[in-house]
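Here the structure comes first, spelled out in structure tokens, and everything after it is commentary.
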Amino acid sequence: ASAQPKRIVSLTPVGTEILFALGQGENIAGVTNFCDYPPEALKKPKIGGYSEVNFEALLLQETDLLVLQDMHRQFCSDLERLKIPYVIVKQESIEDIYEALSKLGKMCGAERKASEITARMKRGIKAIEEKVRGLPAPTVLLCVSRELSEKNISIFYAAGARTFYNEIIERAGGKNALLREKSGAAYPKISQEGLIAVDPEIIIDLVGERSFYHSMERIDLDEVFSQRYLVGQWLSGAAVRAVRNRRVTVLDGTVYLRPGPRLPVILEAFAKAIHPEVKW
Amino acid sequence: MVIGILEVRDLSYSAGGKEILSHVSFSVKRGGFLTVIGPNGAGKSTLLKCAGGLLPYNGEVRIDGRSVRDMNERERAKRVAWLHQNGAGRMPFTVRRFAAMSRYPWRPVLAGESEADRKIVAGALARAGVEELAERSLLTLSGGERQRALLAAALAQGTDILFLDEPTSFLDYRQQVEMMALIERINAEGMMVLMVTHDINHALHASGEILAIKEGKAVWHGETDELLSTSALSEIFETEFKFFSVGGQRRPYAAPAGFVS
Amino acid sequence: MVIGILEVRDLSYSAGGKEILSHVSFSVKRGGFLTVIGPNGAGKSTLLKCAGGLLPYNGEVRIDGRSVRDMNERERAKRVAWLHQNGAGRMPFTVRRFAAMSRYPWRPVLAGESEADRKIVAGALARAGVEELAERSLLTLSGGERQRALLAAALAQGTDILFLDEPTSFLDYRQQVEMMALIERINAEGMMVLMVTHDINHALHASGEILAIKEGKAVWHGETDELLSTSALSEIFETEFKFFSVGGQRRPYAAPAGFVS
Amino acid sequence: MNKKIVLLFIISGLIIIAAPFVGAHMLSPSDILGEGGSARILWDLRLPRVTLGWISGATLAVCGLIFQALFRNPLASPDMLGVSMGAAFGAVLYIRLGIAISVFGVIQGISLAAFGGAFLAIMALYAAGNIRRGGLSLSSLLLAGVALNFLFGSVNMIIQYSGGYTDTFRMMRWTMGGLQTVGFAPALASLPGLLIILLVGWLTGPQLDLFICGEELAQSRGVSVAALRRLLFLTVSFVVGISVALCGPIGFVGLMCPHICRHISGGGHRELTVVCALFGGAFLVACDVASRTFWAPAELPVGIITSCLGSLFFLYLLVNGER
Amino acid sequence: MNKKIVLLFIISGLIIIAAPFVGAHMLSPSDILGEGGSARILWDLRLPRVTLGWISGATLAVCGLIFQALFRNPLASPDMLGVSMGAAFGAVLYIRLGIAISVFGVIQGISLAAFGGAFLAIMALYAAGNIRRGGLSLSSLLLAGVALNFLFGSVNMIIQYSGGYTDTFRMMRWTMGGLQTVGFAPALASLPGLLIILLVGWLTGPQLDLFICGEELAQSRGVSVAALRRLLFLTVSFVVGISVALCGPIGFVGLMCPHICRHISGGGHRELTVVCALFGGAFLVACDVASRTFWAPAELPVGIITSCLGSLFFLYLLVNGER
């Protein structure tokens, strides 16, 4: 009804990605420090980290649309009081992402674009699902965060059942190794001890992106982000099935941390890791 | 000034499964002076506290016929002022301020210090002879000065009954003499005094009546002069006493025989 | 047992910008008994602490010719045992255990209690007459029992010099008499005693020599008997004294005149 | 001494007046009447924030003052004795269970829950003090409070951990504490707490003066010690509960401000109540300005700044102070 | 009393023997000699972890015991007085600045940095106590310690906030504390600390007994009070520094274990040193077993369990204890 937003602020890297994909790059007035895709996003003014919402900055930017994610929900009533229009982009499942696309599309007057992207994503996902359909589903442990520089991996965060990664693993023809994990945490902390108890058949490790990595030792980033080193850390750890069978895949790049329009990329990488026997 | 009368009937107190006081009775008349004596742990301090309503006693304590139990703290504080045995806590106040704090029971809750309060406090400081210490902090006073300052604060409370628990402990001879003289003067001015002391001569010197307790029981009660005519003292303290009579003086001086040999 | 001699020469001490002791000198012979008297705040406790090496004095203090300053804590503790003025802290130990703790200076650092230690401790408990209290906690004792237990611990230290700061405070008459008798006995057994007290009769009764200090200065020093032949006492305490001589007894009894009227 | 209070009053006033204009984006007095972005920042954000900050700081400082007198221990503070952690417990549980209540539209459910938690903590402490025959000594009660603090802290962590991603984030944010607010509702909601505690501090000031000299002394001077203790115990926890409910636990103010104020003013608890209110309020507002300006647009939790500046100041006073 | 120590010794021993076999994956005694997965879990993971846990728990408890005696305050503990926070500061700074040192290959740079931080904290406290003419009273020193604790805590947070993405992860993990380890190196590195503090506790036990009865009393019984204080101050901070450097700050053990032990044994500080070591070690190992088993494969930070169980146990003792 109202005019299309011209000063959009996005406080979620995924939201930023969607906005650019919808062709709204021109209308973005602010992003987070972490928004690195597409590369144009890096040139946008930074409005801060991503768990805080700085009302003053928003008022100064004369924000006419604020893109948030789930964890910002507590700010809603304050935003309403300030009359700053906002939209929450949930990203806990693939369906959430489709919905986010159509919601943002509607608000920015780019419904066509939104449904195009959705269709493209669905096609990509379907193609991958086809390839792994009917194959036996091995157990997969997905590590989302750990300390890269320590000699032995002592503890790491892994994706539990209540995450979008769970869905992606299943569509990629695997089974989340933490499906029946008891703590209820979305991303429980697991030690070597826990790793042994889970005994996964496949390990996928997301190590982020080297430009976000600051190290204490003056080490060679090329060295740290080399597959040999990263995979080696797992292989020298507890001899679970994935280690014995050398089924450890380390994925580097922030794309794997972004459940957005590039979801098919994540899915494909997972599927390749889970089913190397398929011809890709 | 109202003249009060203190009546204690059948007072008992137990703590820690032990009867510390049992069935003590006595009374003190308006403007009277009763001293409580007895060996260590006899229950002297406890007796004072019960009589002042600071401990939940059994039996009856009345001031002017009114039960202490039925009075609230403020009402009690308007009748009875205290000098405690261990007034040695950290009190970060000046002497005047500390004395002014004693006006608490008389002040409406929201009010500050009134002109009348200030006058009474000044009077109390003068009576206790601590005017020149008024602006010193209690933390910097010597033992004797401190004890006098605490007495000034008790006087500022404007009561007609004064409870003293070992007012001369920590004091040297001169200060003992001065303190006792001060207490006598206050008593002479009409204040009823109930004093606990372990120095029998302070009792002999100043008080009209003596109550001796031992293991929680009243073992002797009577006029001070009577005490001298019996062997009671030796029985109370379980040690022999010698009395030295000095020609032309009211009462003799008592000394434990152990030191007179 | 080694027999010690304590020499204090020109002892001064300042704290808080104030001279608390100035140029005090005296000496005590082997097995002697010197009592320090004086009004509140005269510096009696401070004198004792300096002489025992607990405070950093100016001047000279020697035990058997050796400067206390040059001795370390253990060496000092082998010569001098203490009964402190305010031994009233929380001490969660039994009497025996507390006495055994006094053996510390004699024990090699790693060692526990030896058989010899146990004998000495038992002896000390016996001498102080607290054998039957041995397994009681210090926290549950009465004032008099407690003071005796603390003395037992000092005896267990096995020294030839004993420093006592107001050993009779908090005690009732009987306990005062008993405590003084105990101290006399210990002295008679050969222990040198340096005692601070504010009760002049305790000094008169037991000690051979008396040192009076006032405002940090030694104002009188001599044989106990001499003190009685002068008006020194009244000057020291700035109050009149009466002396009561009792037929057939060594020394008279002193009482502040203020209480004998 | 009174001069010091007047000076403090002026400084406190100046800070309150200046604070709304300072920030990453500086405002000018003309914005008071203006329209547009700057005026909105002033009226919707800065003024409510400064108000809430001042009220909370004053409240916490006075509550700390009272607790320290009540326990006669310089380390006793509502933070130390589990009240804040109890409030956090209420809030965390509320988020975890996803309950939604709201009273009168103004007070949010989470605030009520936090308040309930604070109340629970204080009741537990109270019970611990009473279950045992003969009661607990003050020092045991203190230790019990510290133990409760640990207990609630660890339970909070367990609840946080077992939450979903979004919940956990909300809980973590909440337990950091902060003064960011829109509109005057929270400031208004916290005002009664301040008024209550100021009134109580003023009323019981003379009683507290007597109380710190010893319980028996206080009683013999006409103070109903048991009633006083109960009254203060309950009102302080009640009021701290309100404050924590609205701003989260803001460390340090309740513990250190009373000490700093004692160095500044000394004297009785009536004066100290006033001094603590003035100082605590100004201190928290000043720290909040720093927290939102220093690393703008990011914002440091205000508790970090209070701890940092406050402890430096306190150490300075301790080393160079008069006494 | 000696019976109690023997009992404690047995219980502690049983816990150490049983602990390596308990976990999400249960092991059997035959795995000790076996080969393959289970044996590797036992030798590479469980045994090092149990060893490190026992050593750390014993160390922290004894250090707490000594500090409480030294400050004659039940709330004094290395945690409370800024030593742990100081160590955390060293570690956080190390991570932030990206320095890299390593001595003998075994001791990592971060441990050295943590140790340096602990040392800094204790030196600052020491300095605060000495700068002022006439020195600080014990209670002022305590307050100074608490202020330092706040100071280091807030500076740590500021450093963390200013860090980048991965840094924060590492620092957060470090400041939570934990015993996960692969291999015996950390256990070996922490052993000297335990030995030192046990020796010191044993040696100075009789002196501490005298010390808690009063400084002058101790001195007159042959204790060099100043030297004792310096010695204990430095060794405790040194040893806590090592422990925190290796496992991060593990809350609660240093504060509450000594109290629990005093309830168990009473008596002198030689016995208490032994009791604290036995209890502290067994307690931390038991808590660690719980932390890795209860929600396996997820793992709770062990500090959460120690706080939770320990404070419950302590409250129970407080309410039902003998004294």
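First chain written, first letter: the chains are A, B, C, D and E, and each begins at residue 1.
Definition applied: contacts are C-beta pairs under 8 Å (C-beta built on N, C-alpha and C of every residue); 3 or more make two chains touch, one makes a residue touch a chain.
Protein names from UniProt, one per chain: B, C = ABC transporter domain-containing protein; D, E = Fe3+-siderophore ABC transporter permease.
Being a predicted model, the structure only gives us computed values, none of them experimental.
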Overlap of the chain A and chain E neighbour lists contains D
From chain C, the most remote chain by mean C-alpha position: A
Let me spell it out: compute each chain's centre from its C-alpha atoms, then which one is farthest from chain E's centre? B
Report the inter-chain centroid distance for chain C and chain E in whole angstrom, where each centroid is the mean of the CA atoms. 44
With centres defined as the mean C-alpha position, give me the chain B-chain E separation in Å. 53
Distance-wise, how many Å sit between the C-alpha centres of chain B and chain C, to the nearest whole number? 31
Can you list the chain C residues in contact with two or more other chains? none
Note: chain E residues in touch with at least two other chains are 298, 300
At least two partner chains per residue is the criterion; list those residues in chain A. 183, 185, 188
Pairwise, which chains touch? A-D, A-E, B-C, B-D, C-E, D-E
Chain A to chain D touching residues, read off their complex: 46-49, 51-52, 54-57, 59-60, 62, 70-71, 73-74, 78-79, 81-82, 92, 162-163, 183-188
Listed in rising order, chain E residues that touch chain A in their complex are 23-25, 37, 40-41, 44-46, 49, 94-95, 97-100, 109-110, 163-167, 169-170, 173, 178, 180-183, 292, 295-300
Taking the complex as given, what residues does chain C use to touch chain E? 16, 49, 52, 54, 72-74, 76-78, 80-82, 84, 86-87, 89-93, 97-98, 101-102, 104-105, 107, 109-110, 112, 157, 163
Residues of chain D defined as touching chain B within the complex: 202-203, 206-207, 209-210, 212-214, 216-217, 219-225, 266-268, 270
Which residues of chain B touch chain C in the complex? 38-41, 142-144, 169-178, 180-181, 198, 200-202, 204-205, 237-239, 241-242, 244, 246, 249-250, 253, 255-256, 258-261
